[in-house]
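You will see subunit A twice below: alongside subunit B first, and alongside subunit C after that.
Entry: the complex of A and B
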């Protein structure tokens, strides 16, 4: 007996909710005529951002490609004259990417970032394979301050030994003074 | 034997075993930075702390510093020990740079692993980090000193294990620095091992810099074929490119390390100019068509001129399969037996060395470390078989004594006695040694032929080195484990036989002497067994010139770089009806051949190899064939196209091509049977059990070469040749870098190769009225050479040494020169 009453109660609440909505203003958005601004951290199309000083952030450390569960990132790392490590080429196969955001989480330099731009769809699958030129943007993305080479110990155009954040002057090995 | 308990598991170990090793035997890997099985313990890093619960020690102690003793009860997981290790990691990180993303060690870094394992992730220390300047250390290693954790492995390896002095430790306390006095190229031909043993990213491999992370590499066990020792390596490949080689432990051969020739000698496999297409008369063609056409041409030549009109030239450092295919096909078709050696003497020497190496004489490379007396005859280890030098050094470090009898004043990283004896005088010197060995021996006790031999040695005239030879003989007689090392590069066949006789004589005298030959190259052993000593390239060329050989099949051999008389070679080859070349390098012969077939390297298809000890090892394929992506993409991103094929994957194993060339099924099984027959080891290759990881000895001695047979007349005549007519002996010699044909294609080693010079003792130079730095013209065939003179202290008199570096890469080993054929070039 109590179960019959519960069932009726549940049905009634359901119908009541539906009935209430009949008198609300509709919230359907006529996409693509109207494009709703998405939260900054929603996860879609991936970009490679730059340092505040405009240099490529990605040091081609291979971490994002290692963490990617569908193995859609590949790259080749090389060294620049001034000691910077960067990607000679960097490729993301968006046809395979599942937009999980793990690459962004793994990235130690804040280079790779997912953006809200989800609208890309192609008939030719090769057009979904993005190269470095397609990925590189000229802004910092969500992190406007971080510059990896200011914190690392290696010498680059950003700084020599002993000039990075919280570093002592290099030891003079030819002296015995403490 | 101590009995102890580690983490509740009982174990019994030999006295002197450290606790860290005892635990390892139980499968418990205690963290370590400074401890290394080849370098021992120093207790520098403190990360191996464990808790001793019962027994002679109590509390938290370093497991690498304490010998396992009876009654110990140890916990590696005790909270106090774990906490201690966690703190060690944290303090090691205080000064560590924020480098992982740009550090090539990342991914296989011991420090990274331990940091993650210890759970240290947030930096609590608020102070600043000490920093260091880095040094330029040459083309092989990159230095990044900030990352050091002061484990001292590098300096212990460099100075202690390897015996070179130009890298070490400076300053004290937190400012300790590992490097050189000043920037400069490392002087150690085994320096690449630093990248393997440094547990952090201080020394990283330069040629593979930034080429990828360990997890992206296809890693395959393989064998080094840059000399006859056959050290074990691990090959790392990525994107169809071999990017790095590391040492792989083999308890019987190289131990934990390899030399730089082996480590960095692989560049040829990735070379952009490697021929990857079959060719007809220099024009690319489909490989199946080429095979078909070449096959019918070959058949026609045989039909017209008989099978003896075909000769084959084969590789020394090719796989055993290729050598067996050559031997089998030549035999079946009735061709000349295949020629593997260019120089007739070299073939004879190899045949002698492999025939005389009896089972009871053999000692592995690692076994040399246990020798108490080593006598090296006609051997220059660092230049001919580099890792031999390190093995000899370990013997000397353990109290052994080493004596070297050679002409070249070899530079060796250990203390040794050296007798400067000219190549042609070696036999007589060894004969005198036999005389001293048998001073107190009653020849009646010896077998008849041995007795006769000793009697002849007793008749040899006194020599300059008698005092030293007598001392060496005494040492040999008192030795527990003496080893005679004999080089095969510059000596005479007789010397090789004499060394075996010395060892056999020691056995007759109840001393367990060992014999260690080095051969000309990897698989020279196989070539010696599968080819006939009478067959050599020089005799093949003579037959071509006479017109008896009409068709020549050249397999993996670069005649141009080995045969110095290019004019003669060219004319001889022009006389041929048919020239088929199979090779994996861009040799000049490739485009001149009627038919060219591209072969694969050991990296692409692996193979079986025999080292100088007759030890059989197998190498699997390490990288799929095809042009590296680096090349197909021109350095930028890989091509944007889908296709099924791999560009440039036409090459096949040379033996496969050979069999097809002769119309046979390209099957490996029959070749293995053939090899089993040759080495009289039925079932060793085709049986169920695979070749064991440390290899197995299959190259047993062959009967039919009589010991103690020596032509002393000839030896004495050779001996006098130099002193009598004032002749000079020009010897062409090997050099660690620049003379081995595969590794000399490596740009990194090329940068380390010293320019060609002619070296001689001061007294020789004075006789010739030469001084260091003079240019001298050597009037030799086929063309005279002009070279700068270098004075080498300690070289034998009347001997000139010329490294076989390009462009003087010649097969001929000796030239006897009268003085008027050695002329100084006057400054303009």
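Entry: the complex of A and C
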């Protein structure tokens, strides 16, 4: 008999709990009306940033395209007359992208970066393919100071050999005898 | 001329009842989803139309436009027939439910019930037992192990509950001295039978919930172990028919509880049909509340409850009622 009373008690508590829930505010956040603030570093749409001088950061090294687990990045690398390299075209298929962020990690020039902007769905899947024009932005993204060519040991419009940060003057190998 | 007029009135009644039943079935789904949502501290569907009120319409369009698939190796004829059996038996049960006192129109008394058969109660039991054929055969004909298990569970569950369901109403019949639902309602013009027969009421409510295959007795369609059970293989409007059947069943059981225990259409101030509707909706809301609260019973617990608790309790209840009446 005590077990029966316990069972009835348990039932009553259960029903009381659900009844109380009727008068609680639903915890649902209705999406388009209320947009939950996203963490700064949440990963979504990919952009190509510029260095502080306003030049394209991407040197078309193919590292992002190589590391991409779903092969959604492709590009064609070319060299400018002043020695800078860049991508003649750069294409990301967002229909395939899994937003893993490996491209951003692989990028040696901090060019490719993921932003928290995730609202870019389309009815036509081909519209999800982004070209270089769609990807390039007018800011530096997360790293506001970095300029790859200030560190790279190649001569470009930024500086000749020996003028880069933490770089010694080139030595004349013929006069460098012990 | 009178015969023709009689047919006309009958068809009018049929049309109204069928319309109300199906409309209510559609909106009961909406009510269930919204109410259950609130019980679980969420919103429920609120996108289609104001408060999501057009959701049933959207669901209907979706179900009708979906492909109607039949699994390979399924027993085609029975597979296609089973959903109709469930829906039709549920709808037919409403034929004996009275929704008001006779009204007089042009000198003729028109009974506010589709058919007042003198064994109405037995008719209800017969149909609710037939309804299980839809479940069992649908599960069997699908040629899928989950569906088959669901169908078998459905059949076993019905056997154990049909008995308690029938026995729980014997005291009602003893009190009303009639099998006709109209007479049973009329016998409650002063006090509803729930006051005289609270034990019967509890047994009938439990069995009725098991009968309508709802949580906590939804073993035939247990989604997490059988993946929707007997209707796993159904798609489109055939699945919709099972769904309609379930919700019409819910209304019919609400109506039966109202008729047997809550005084049917009796009630002050409001028109009789409205009172019946209110009682049906009240029972449905309680059923949804139960769904929002209780977990599904295990199979053996369900059987034990049916055979070891409800049936003996119903038998004792009959005996006690008999002794008190004599």
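Quick note on the criterion: the second predicted complex is superposed on the first by the 144 of 178 C-alpha atoms of A that agree within 3 Å, B and C clash if a C-alpha of one lies under 4 Å from a C-alpha of the other, contacts with A are read in each partner's own complex, and residues count from 1 in each chain.
Here is the rule we use: a residue touches a chain if its C-beta (ideal position, glycine included) is under 8 Å from a C-beta of that chain, and two chains touch if they have at least 3 such contacts.
For clarity, every value in this text was computed on a predicted model and none was experimentally measured.
Student: For A:154, decide between first (touching subunit B), second (touching subunit C), both and neither.
Tutor: After superposition on chain A, A:154 lies in contact with subunit B alone.
Student: Figure out whether A:91 sits in contact with subunit B (first) or subunit C (second), or with both, or with neither.
Tutor: First partner only.
Student: I want to verify the contact counts: of subunit B and subunit C, which reaches more residues of subunit A?
Tutor: If we count touched residues of subunit A for both partners, the winner is B.
Student: Using the superposition on chain A described above, determine whether A:129 touches subunit B (first), subunit C (second), both, or neither.
Tutor: So A:129 only meets subunit B here.
Student: For A:61 in the superposed arrangement: first (subunit B), second (subunit C), both or neither?
Tutor: In the superposed model, A:61 contacts subunit B only, not subunit C.
Student: For A:6 in the superposed arrangement: first (subunit B), second (subunit C), both or neither?
Tutor: Touch partners of A:6: none, neither subunit B nor subunit C.
Student: Check the residue A:78 against both partner chains and state whether it touches subunit B (first), subunit C (second), both, or neither.
Tutor: A:78 contacts subunit B only, not subunit C.
Student: Just checking: does A:19 make contact with subunit B only, subunit C only, both, or neither of them? Give me first, second, both or neither.
Tutor: In the superposition, A:19 touches subunit C alone.
Student: Answer with first, second, both or neither: which of subunit B and subunit C does A:173 touch in the superposed model?
Tutor: A:173: touches subunit B, not subunit C.
Student: List the residues of subunit A that touch subunit B in one complex and subunit C in the other.
Tutor: No residue sits in both footprints.
Student: Which residues, counting only subunit B, touch subunit A once they are in their complex?
Tutor: Of all residues in subunit B, those touching subunit A are 97-102, 106-107, 127-134, 144, 146-147, 170-173, 175, 177, 179, 209-213, 215-216, 239, 630, 633, 635-638, 640-642.
Student: Given the complex with subunit A, which residues does subunit C contribute to the contact?
Tutor: Per the stated touch rule, the residues are 37-43, 46, 289, 292-294.
Student: So in the complex, which bits of subunit A are touching subunit C?
Tutor: Residues of subunit A touching subunit C: 11, 14-15, 17-19, 21-22, 24-28, 30.
Student: Quick check on the complex: what are the subunit A residues that touch subunit B?
Tutor: Counting only subunit A, the residues touching subunit B are 59-63, 65-66, 76-79, 85, 88-91, 108-109, 126, 129, 131-132, 148, 151-155, 161-162, 166-171, 173-174, 176, 178.
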